[in-house]
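All chains are identified by letter, namely A, B, C, D and E, in their written order; residue positions are counted from 1 within each chain.
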Amino acid sequence: MADIKLSGIKKSYGKAEVLHGIDIDIKDGEFVVFVGPSGCGKSTLLRLIAGLETITDGKLEIAGETVNDMTPSQRKIAMVFQSYALYPHMTVYKNMAFGLTLGKKGLFGGGENKKLIDEKVRKAAKSLKLEDYLHRYPRELSGGQRQRVAIGRAIVRDPNVFLFDEPLSNLDAALRVNTRLEIAKLHQDLEATIIYVTHDQVEAMTLADKIVVVNGGHVAQCGSPLELYHHPANKFVAGFIGSPSMNFLEGTVTAVHAGSLDVLLDYDNSTASIPVHPDEAKLGDKVTIGIRPEHMKEGNDQDFKLSAKVNVVERLGEASYLYLENGENDPLCVKTDGHSTTKAGDKVELCADFSAVHVFNAEGNALARTTSDEKYIAPKLSA
Amino acid sequence: MADIKLSGIKKSYGKAEVLHGIDIDIKDGEFVVFVGPSGCGKSTLLRLIAGLETITDGKLEIAGETVNDMTPSQRKIAMVFQSYALYPHMTVYKNMAFGLTLGKKGLFGGGENKKLIDEKVRKAAKSLKLEDYLHRYPRELSGGQRQRVAIGRAIVRDPNVFLFDEPLSNLDAALRVNTRLEIAKLHQDLEATIIYVTHDQVEAMTLADKIVVVNGGHVAQCGSPLELYHHPANKFVAGFIGSPSMNFLEGTVTAVHAGSLDVLLDYDNSTASIPVHPDEAKLGDKVTIGIRPEHMKEGNDQDFKLSAKVNVVERLGEASYLYLENGENDPLCVKTDGHSTTKAGDKVELCADFSAVHVFNAEGNALARTTSDEKYIAPKLSA
Amino acid sequence: MKLSKRVGPLGVHAVLMCYTLIALFPIYLVIMNSFKSKKGIFRDPLAFPTGTTFDLVGFEKVIARSSFDIYFTNSISVTVISLVFVLLLGAMAAWALAEYDFPGSNMMALYLAIGIMIPIRLGSVSLLKMIVGMGLVNTLTALVLVYTAQGLPLAIFILREFIAQIPNDLKEAARCDGVSEYRIFWSIILPLIRPALATVAVFTMIPIWNDLWFPLILAPSQETATVTLGIQQFIGQYVTDWNAVLASLTLAIVPILILYVIFSRQLIRGLTSGAVK
Amino acid sequence: DELVIESWRTDDLEIWESQIIPAFNKSHPDIKVRFAPSPPTEYNANMNAKLTAGTAGDLITCKPFDASLDLYNKGHLTKVDDLPGMENFSSVAKSAWQTDDGSTTFCLPMASVIHGFIYNKEAFKELGLEIPKTIPEFMATLEKIKEDGTYIPMSMGTADQWEAATMGFQNVGPNFWAGEKGRKGLIDGTEKLTDPQYVKVYEHLAEWGPYLGKGYKGQSYPDSQNLFSLGRAAIYPAGSWDISTFNGQADFEFGAFPPPVPAGQETCYISDHTDIGLGINAASKNVEAAETFLSWMASAEAGSIFSNALPGFYALSKHELTISDPVAQEFVSWRGKCESSIRNSYQILSRGTPNLENDLWNTSVGVINGTMTAEEAAKKAQDGLASWYKPQQ
Amino acid sequence: MALKNQRGSFFRTHVLVFLLPAALIYTLFMIIPLIDTVRYSFYDETAEGITSFVGWDNYVLILTDERWWTDFRNALENNFIFFIIHMFVQNPIGLLLAALLSLPRLKMANSYRTLIFMPTMLSVVIIGFIWKLILSPLWGVGDTLVGFVGMTDGLPALLGEESTALITLSFISVWQFVGIPMMLIYAALLNVPDDLVDAAIVDGANQWTAFWRIKLPLILPTIAMVSVLTFVANFNAFDLIYAVKGALAGPNFETDIMGTMFYRTFFGYQLQPGSATLGATVASLMFLVILCGVMLYLFVIQRRLQRYQL
């Protein structure tokens, strides 16, 4: 009932175009996360959907109806702001009831009847464990509690679509994990469509049914979390998804075989033969090879091999990061297990499975691989 | 030359005592990190060392000299603030030179001679790759660049001790990793004593020679990162170090053997026999068992076993977190590899090595283990 | 509600435009009529000066009959020097009160704030005796001293709020660097409160430039007369000569409005970066 | 050093600078004189402040009676009895600037002003009007002008208050209370303001209201002047000082007539008010030059220059005055036909609070505007006076 | 905030250096003359200028003597009317203008703001004169203007009638000073985070409800402060009435307020000699009234109003 369809959405502030034509389909009940670097237009997109900004061009449909000209409340959406935007002069109860008291009937009265409102507020408060705080003011609450009030305010309005703009970024690490779980549960319970903006990797990966990576006002890629992790469509998405970031190595195509390419790596002048569709590249092309830190390991028992000098070792207990000498460029990073005895200054041999090696052409687009990598297509979370 | 010794340092604001007697020894050239929850007194401690607050009681020595009554500049320390505290109306160059233009000679002029200052500033700028930005204003810099200017301002003064107060908390994730590496390198190059406050796990673990865990104005534990990771002295440190946090299970001692205790777990009413020094507990004692998420795995091939229902699965690509049903309490968390096919709702068998199981008594103090766990005592990073 | 959404922006502009007209009309009327002949002024006060009614006789008379150049010099010197003192001394005191927690600092702040409530005019007679005793009568110095005293309370009050908002870290960073308190004030605090200083400047400038009272009793001599005093005397002289009256009003209005337009950008910046509490 | 003259006569600045001072400098080229007027409304306050502070000029223009007496009592003015030239003034002329016992004079009497009515000759001709001699004639004239509608019958406003009292009450009043007799009677307590002769003045004033211009309640003194000088009003209740203003601004011929007498009364009375004196600031550093100037002011030459330069101000010295301005000449000619008196509230009676002068302002405005009856007005003024003035209690 | 290092004399010296110049000038040229004025109110001055201590006599005179008290009460009442009109006309208009100016994305907001503030910049002497001209029946501008809106009998003598003079003057003052509440309230409104209004809009409010129910409650402390500033300014007012109506504040003292009464008493007017001592008494009473208002604000109103952390 609450599918959302964005077709060719553009937004300009004055002369500056911020969004350059966005097309996204969101299915009813889906949890969609927008990620992207700061300033790429995530919040703008969200505010367009909310109706807080006017759409410059394109069409926005909710539940099959074009809503470009509707007010936020007519769209039946609710929004949770990064700053929570709780009304500081109202108690938690009033904060949650505010939207309900604004009916069409009058300025100060009207709206839904009091008892009904009270019921709704108390129900939402109960489900968010806020019952004991209903008469407190926002300033008397902790960050996590404020967050829950903001969500509560959205829930009582029983909207078709929830919009969240970086709702966790003001919370500390521990609280963040908990609230993240709560939001996941909320989605499960409410079965509402949720659109969620974040710049946090982990949140995006863990919460989303579908991630939309936005870059500079364009959609860079759109798909399930694991799709993006394992099959980034381009270098931007590859570098953006995953932490620590994917390592990139520059190279040149030295031979084109059926089913693979030979690439001469600038890094150590070694040549690797990588199984990608060869017709997408030709001899002499500059390509970039990408491997995630967690897909490399010490040893030489896999197809893709590299040897390097370790500059820094960071030990986190459960795992250690090796940072490899890489001249002027950012160091390469390898994730090994916490018991590794490698020290700074050691020379190490590293290897990776071909199925974990990505190749990007000069424009940054990924070349299709020829190996089967079904083992990465993990079952989609049903929740 | 710049050892720092805190003996019985106390600090009160009005009647409220914030620090209750802190003793820490810091050796010349050591990289010490203060961690602890918000409000525990980390910043206060740092400001006491800087001389920005007066010490209520106790003795602070730097390089063997009691400095309780010295001004910040007399102590030869430099501080980098969380907010960077760059002077917004001065260029990068002036920001770095500001502290130098002033010697003892006069109010507005005098001080070190211009050429010398210029040399120092340029040298510092070069080492921080800030040469191209010397004539910009702070507002024209990115977060990471601002951070480097703040460090540069500290470096030019050539202090004995650097103090950092959460210097990375304003940076985004990618920049954070890079700047962290830079600070590590800085420490290597300058060989200065560094005291560093953070609430970020990873920073603390990766940067520190020594971590001081502060809790409520007391030192909870003090030691190398891996020492804290593997041998937390108490439940607080155990829960604070490591992310996601250690899982805690309540239990009761049902039998005391030579070299081990039998503990009946409230979780699933199973009994585990855990190798700790038995004389530290007696029959009927309430104890808490702690296991880190990354030390549990699916299967039953290790000594400590547990079976549970999976509530939520979070897939991050390289790894997945399973959150287990745990009644009213926070769910237990297990970290499995990224290819795990376990789904929410599944029943799973979990196990862990005894050497990774911690036991805490009712006061929260860790009981000494009897198993040898040398494999965890990894070589200390020399860098 | 739907209606208001449609009509919204237009209605808002209509209201604002309407009030702007009300605010400006009288000023416009005076300035416009000052360029007309006497007949023009009386026959059709609302008409714009035309070929037949355009006449600069008012200005000619004013400029010939009174020393406007001296008045302007005096007014500008008094206003600017008083402003500098109010801003500098006010900022210094505000900094001391905001930053240092010395015994009696709150009492001191309260003491300095009393002046906001009482017009200094109530103390005119003793003030006059004092100025006489100091031999400062008929000097611009006397005016500067009085205006400085009069401007300080509000300046301190506003600036203190602003200074309190400057992040502690900035001052402490400087202290760590061994910078003296004087230099922290001069090189860091003063540049950072510039918008606030502009606000205070506007609020201080208005009463100084427009004051009639103290020029009249402290420095009434021809050499020390200010614009407002000059205008007032001139109006008294030519009260029936509307050309001259309107011309002198125009001469008094225009410079202050120009000054204001220069400051106005800063003014709102100052006001909005931390409200005047 | 420059000799500075303080004055409230801002209107006269030009004449002082172009005529009086140059004339003085012909005989005394070494004494520089500057005329420094301040606005009339602030004059008292200003002088008080400046004299207290010692910043006042060398010569102080004196208001008549108490204001100046007060300055003398406080030691701000010097005695001028022995000044050469004082012998040229009658004791009546000096009385406005003497101590109550008449023993000491502290200002040189400079000029008096005479009240009457100025009228627009062209308008009178156009409407075929005669100069009214009695009050009924006066009212009939007003009525005719009103009926015709071309002109506003009379130009006076009540916004500035003093205009109603000075141009109205004090202008026509002496004819009712018999000039000096009535004035003295109030001072020694034999007459009261509630007596019929005073109530009648108020009653007469109350009749003026309908003949004043539309919005006269908001009309200020300059407005009244403008209204007449623009030729829009036919009659203007005047002080003789208005002549110079109208000379400069009116482009029609105007004349003057004395205040009309009540029907059947033979003797006419005019207000020939001693208005301006000139005294020496006791703190002056140029006493000698100041005295020289004052003596010169007492001379026949100065009197004639002064009276002619400022038509409408009549020098008070005993010298024969030849005045060239016809209207001013008309005014001064009444001295021969009528009995002179001064404004009745000025001597002694405005010494206390509430002072009579201010009460007269108020009550005159009240009756003209119709917010008070003549009886109420008289009672209010009398009560005010009686509240502090012994002989009236 | 806090003196971070209490290192004895070193720190005290510079506190002194910072504080002393301002404190000195202020004390010398403001406080001492004012105290002197209060002191004066306990003395009596004879014609010869000799002063003698008379205790509370002057106060007793003003507060009990029938004429003085009538005058004083009249001035006080008029002053309250003057204040009430400002409070309920000037401040609401200021609020309205500020609310409109702070609407998001309003074009030309800066120009409006600058222009509307202009009258505030001008001397009251000038303002008074301008309005006298405009309302002058002679010039007829007022008549022409009301003619446009259909009032053909022209404007009554607003400044001359007893019933309208004070109100007219109050409105002139409102016209001049409306810029000040506008600016202060505008600044406060800009400090209300946009997010709050956005949240209300998403909740279904329109700009109007969002203003009444979100913004207005949040700026109440500023409005209270504006009110007390208005009070102080109104009870200090003098110039406008003096410039337009003179110190006698006619007609029939209908526009007399504390300031003009003080002036009349202190410096005298026309034939009435001034009395420094009685003037000082009136000044001290004025001070007392103002003080009461400010205390009311500080101890009753401000305490009740929460300044919300935005």
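Definition applied: contacts are C-beta pairs under 8 Å (C-beta built on N, C-alpha and C of every residue); 3 or more make two chains touch, one makes a residue touch a chain.
Since this is a predicted model, take the numbers as computed values, not measurements.
Shared contacts of chain A and chain C, meaning chains that touch the two of them, come down to B, E. Inter-chain contacts peak for the pair C-E, counting C-beta pairs in contact.
Chain centres here are Cα averages; for chain D and chain E they lie 38 Å apart. Inter-chain centre distance (chain C to chain D, centres taken as mean C-alpha positions): 40 Å.
Chain B and chain C have CA centres that are 55 Å apart.
Centroids of chain A and chain D (each the mean of its C-alpha atoms) stand 92 Å apart. Residues of chain C in contact with two or more other chains: 1, 5, 42, 124-125, 172, 175, 180, 182, 232, 235, 242. For chain B, the set of residues that touch two or more other chains comprises 51-52, 71.
Within chain E, contacts with two or more other chains are made by residues 4, 206, 208, 266. Touching chain B in their complex are the following residues of chain C: 167, 169-170, 172-180, 182-183, 186-188, 191-192. Interface residues of chain E, counted against chain A in their complex, comprise 193, 195-196, 198-206, 208-209, 212-214, 217-218, 306, 308-310.
The touching residues of chain D, when paired with chain C in their complex, are 10-11, 13-14, 34, 36-42, 46, 49-50, 52-55, 221-222, 225-226, 229-230, 245, 249. By the touch rule above, chain A contacts chain B in their complex via residues 38, 172-174, 177-178, 181, 184-185, 199-202, 205-206, 225-226, 229-230, 241-245, 292, 294-295, 312-319, 321, 323, 330-331, 335, 338-341, 343-344, 375-376, 378-379, 381-383.
On the side of chain A, the complex with chain E involves touching residues 47, 50-52, 71-73, 77-79, 81-83, 85, 87-89, 98-99, 102, 107, 139, 153, 157.
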